[in-house]
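The following blocks contain the structures, represented as structure tokens.
Next, two complexes with chain A in common: one pairs it with chain B, the other with chain C.
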Partner chain A sequence: MAGVAGGNDFQWCFSQVKGAIDEDVAEADIISTVEFNYSGDLLATGDKGGRVVIFQHEQESKNRPHLRGEYNVYSTFQSHEPEFDYLKSLEIEEKINKIRWLPQQNAAHFLLSTNDKTIKLWKISERDKRAEGYNLKDEEGRLREPYRITSLRVPVLMPMDLMVEASPRRIFANAHTYHINSISVNSDHETYLSADDLRINLWHLEITDRSFNIVDIKPANMEELTEVITAAECHPHQCNVFVYSSSKGTIRLCDMRAAALCDRHSKFFEEPEDPSSRSFFSEIISSISDVKFSHSGRYMMTRDYLSVKVWDLNMENRPVETYQVHEYLRSKLCSLYENDCIFDKFECCWNGSDSAIMTGSYNNFFRMFDRNTRRDITLEASRESSKPRATLKPRKVSTGGKRKKDEISVDSLDFNKKILHTAWHPKDNVIAVAATNNLYIFQDKIN
Partner chain B sequence: MEVNMEARRILAVSISKLYASRSQRGGLRLHRSLLLSLVMKSARDIYHSSREEDAPSGAQSAPEEPMETSSGPEVPEPQPLSERNSSETVSEESDNKAKDYDCDTVDDKENLSPTKQSRKRRGKASAAPDFLPNKRARLEPGEERYSAPLGSCRVGAGESLATLSLNQVIPAF
Partner chain C sequence: MFPKGTKRKFSDSGEEPVCSGDQGPSASPAAARTLSSSYSLQRQSLLDMSLIKLQLCHMLVEPNLCRSVLIANTVRQIQEEMTQDGTWQIMTQALAAAQCPADRLVATEVLCRQTDAAAQAGQSPKPFPVSGLEEGYHSEEVVMDGDVEAEVTMSSLSPVSPQLSSASYLPGPFGMAPCWEEEEEDGDCEEDEEEDSEESVSEEEESEPDHLRADSRTGEQVFGTFEIKHPAPPPDPALEELFSDVDPSYYDLDTVLTGMQSTPKMGPYDLLESLSSHAPTALSSSSSCRSDLNELDHIMEIIVGS
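And then the complex of A and B:
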């Protein structure tokens, strides 16, 4: 079965893989977030060690125009360091939870990166010229003896090897008591929101010593706590609208024009629970791990443990589409609870035209769903299928007793190989899939 | 009864996860702790409701009474959750094998600490006495922590192991 797209049959093939091949994976190298920028030219990854690596799309080679260009390392920098909160005797992890790009306004690129407590605005700029011929210092930068300066000259800009510099321009700190799970840039390009377990703050990109608290669900008595915020996102076009999801499987849409504190939602999205599927773990698996608006702004998608749901913003009582990611795990929830996998937070993403959605699973499998044809496909990010331009073979998990050839049984799945983070190029059919410490890039084959 | 044993096992696993999460890098995670406490609540409710179904004998209820709270401030709990769990117990398991009380009592006695009665206020959420010492201490973040080995079903009876009750998981934040 061929790939997924609106109408045409695409074939996904391997393009590149980044990262070490070692079996022994260092914890710090585990990728924790992946994000394309608005043009798709740049691809950023964050890892548990607090580093950000940015890849840039190289132009297609003139000799082989039928191949898309590759992504090569553009910049690497240490975004966050481990810190220690002395007041609470707690270590603050340097793991990058989220990266969000700002729309490009000049030659430099800007992105926001966050760990559990602090958000930073990074400027990534290129330097390909340097001034030569200073009057007061020599070529090595040493000050010249005054008596040696006998004439004045104008320094000249000479080309140099391209240098990409990353510098922290703003640090937004001390605004979150709980762990930050989301950041989202507003469509006004001036503000952004950050969300932790109980609160959402609105920031101005220029102002670091102040933020507005726009949602606060902390109860007066913490013993009464029943739900936490799990994700939040700004609407792609309406700068007054944002949504946040909860651990109870609900989504609230808020309008910032209504009140300064958006504790009262404008819309409340919840699907009634199916009473026949209740178990010990119903709460855990209904907790939403990611929420993403469609590019059109008409729909939003939520990911819970077993499924992805597409919601029409105009209909609150149920999703318009539900896709099962790995329903065969429903009978294994107890084991998944014991090995902690049930707490895994999978992300989801839309393709550029909102016709397809993608999310990850276990055994380095990831799933794509075509919203128009209702077809779905399971693919694997593995070194074995990493030959250049090799077409990815669809995978299948056997759920019945009889396992067909090429199928893999549920019990053989490797639950340590999980794909939590995926990203889809905003315009083209290029996807980035993070498998532990490796980043796989797949493209469709242009025939 | 299967459900009963399953509930016990899940409860024990949850408690060991709670202990383990205290020594985790980055501190206690509120979301995870909340989910753990919800699972524990479900398991505890099912466990107790299934025991109540099977155990009308006075011998069993006597040691339980000091630990169950019928009086005292109730921890406000999400009511729909408890109701759903009760109905789930009935509907899920048609298998109603009689419990082996003697076995349980013997097991429980291993874990009962000498002080059965406590003058401390006891919330309903803390009623899980069978396989935990009922001596509770409130663990504040920053205080010395005790971590139980992962996977152990028993928080061993012993001198200074602290019990964490459900209604104190979240306020620890």
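And then the complex of A and C:
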């Protein structure tokens, strides 16, 4: 059974799984975001407890060249703490909504992490040397009596055990009334945008006490509110361009050169509705949960409840490609509305060459679509298929009356096991899939 | 855990309420009235469900604005359609007639207000106001009169959640209500809501075999949680088709919703699992027994405060 990705026929196999095995999952351990850095060397996860865990790719061991290296814990820190808004008498969750890496400019690594209200810039640096031989302090760091100092010496750098330190360098607070859903670093490496339900702000990475509001869709009368911003992203190459998606299934592309306030879009992407499939749930399932530019910057991808769509930035009236993620759920929309699953926000991602896309589904299934061959595959992140280098078996959901062997029926799907967050290595065929509190890493089979 | 009746009608045979143009699965013109009544019931159920969601989403953490807006848009869509049908007017008139002002529902007021304004303006109703979007919202308590005769007695939506009982815009027969004897309802309305919960548990068990029995309906049952049972011969056809019955395990909605906020224990997995197992006929008492026991467990959990 051939796998599908990257334009070639190859198979995905299990590499690692991180996280506890317990059936009882602590709420705080639920992974809420996953992101590779620009080189793919580092993999960051954020969870509902406000913690960030960074994994680093270890070099392949020379003894076993057929293995890719593994990802091991590099740094763990508490990024956000729960807060209480006294004015509104409401809690502010510490859940990390998004992590975005900055391009690396020196030995240290920088990332932005955000919860509902506050964005923080973290510096992650290594320390593997320590200065010894201070004049004014002794070995334990206590101050020496001045009269005991009879000679001067130059402190010497001695090697020490590697220590990885994370320190908050900037805190960008108090700019969002509503819940932040996206952050995106601009290609100029100086600015970034943050988006909440009704507004988008542009920040300079060095300046924390002010930001520019570039989009504001809040109506004068909140009772007239019918549409919210669901995601936003900067263009990967053009630092003046960004897009934002809405709960009505539309995407607006804005050019910051046109005006200071980008309330008027430059391009408006919307697919006309199919009148034959109209129902009371049409709007809800058209709501876009994620938008991602391709690495090339020519395309963008949007995820709504049932499908993934690839758009050519030069064509606004319809997507160029549409992929059905779990069409079998269309007849179950009322149940999914009732149990709130219809509001689940799935993310999507491109592979490094933009030839394949991936997104999650229920029952710990995730789907990959090859844009060239038009083939797709459904895989499962489960402990059962977690033997080292075990090839993942394609899964299938049976939609008709007859259920074949190895297929799973729609009614047996576990809607509590949802894969909302996935990430694809920017260069290699390595993927990270967050299944509740576990992080699965899969890679292609190297023969 | 899941309103089985609603489920059956909505999803199993693909009979979702469709906005326009869809007249339902059957084509018989003679059954058109039944069909549209079935569609109305479904639509009403969806409306009820949406209103519950809007009320319940205000917990300790600020509600998800996107979700609230989407639900509000759904409510508005239904409202607009019902206004075009003319059923909206009938319903609000019935509500006005049935209730004394003190019992006015928060949601009803809001929706009625919209309709009145629209009627005056002669336009389509204003957007459903998603109240409290800016400020933190706290569910309002509605004082219910202990009116024995009218079914507008218990404010508790469910035997389970105290939270829900405070979001008591849903009057109407308590839990499994409609088939309970008058005396039981009398007794209940004297007590406070917490006790009602506990009491209903035992009554629930006692009247277990009864809850499948069709009951005569009255116009006082509004926006409540009702069972979807076999359509009983209604005393008042017009009202009957307006006020749909929702399965009493509707309280499970709250379980699910609160479950979404905390560690989900019972998955909605169960909901869809029973989708396939339900024939479009009578609810088997065994399945409702099972759900009742689940309800009971959940009630006890909350009462004990575990």
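Note that in this section the second predicted complex is superposed on the first by the 445 of 447 C-alpha atoms of A that agree within 3 Å, B and C clash if a C-alpha of one lies under 4 Å from a C-alpha of the other, contacts with A are read in each partner's own complex, and residues count from 1 in each chain.
We take it that a residue touches a chain if its C-beta (ideal position, glycine included) is under 8 Å from a C-beta of that chain, and two chains touch if they have at least 3 such contacts.
What you are looking at is a predicted structure, and each value in this text was computed from that prediction instead of being measured.
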In the superposed model on chain A, is it clash or fit for chain B and chain C?
clash
Just checking: does A:A195 make contact with chain B only, chain C only, both, or neither of them? Give me first, second, both or neither.
neither
Once the structures are superposed on A, label A:V25 by its partner contacts, choosing first (chain B), second (chain C), both or neither.
second
Identify the partner contact of A:H179: answer first if only chain B is touched, second if only chain C is, both if each is, neither if none is.
both
Which partner chains sit in contact with A:E338 here, chain B, chain C, both or neither? Use first/second/both/neither.
both
Output check: A:L225 vs chain B and chain C. Expected answer is one of first, second, both, neither. What do you get?
both
Quick one: classify A:L413 as touching chain B (first), chain C (second), both or neither.
second
Does the superposition put A:I251 against chain B (first), chain C (second), both, or neither?
neither
Of chain B and chain C, the chain that contacts the larger number of chain A residues
C
Now for A:R278: first (chain B), second (chain C), both, or neither, which partner does it touch?
both
Can you tell which stretch of chain C bumps into chain B once we superpose, 181-189, 199-207 or 217-225?
217-225
Let me check the overlay on chain A: which residues of chain A are in contact with chain B and also with chain C?
85, 88-93, 116, 178-179, 197-198, 222-228, 230, 247, 275, 278-281, 283-284, 287, 334, 337-338, 340, 343
Chain A to chain B touching residues, read off their complex:
85, 88-93, 95, 116, 178-179, 181, 197-198, 221-228, 230, 247, 275, 278-281, 283-284, 287, 334, 337-338, 340, 343
Touching residues on chain C, where the partner in the complex is chain A:
2-3, 6-7, 10-11, 14, 16-21, 43, 46, 49, 53, 60-62, 64-67, 69-70, 72-74, 77-78, 126-127, 129-130, 133-136, 253, 256-257, 260, 262-264, 267-269, 271-273, 275-276
Touching residues (chain side chain B, partner chain A) in the complex
6-7, 10, 13, 17, 25-27, 29-32, 34-35, 38-39, 42-43, 46, 75-76, 78, 81, 84, 88, 92, 141-142, 151, 167, 170-171, 173
Under the stated contact criterion, what part of chain A meets chain C in this complex?
24-27, 85, 88-93, 116, 178-179, 197-198, 222-228, 230, 247, 275, 278-284, 287, 331-341, 343, 409-416
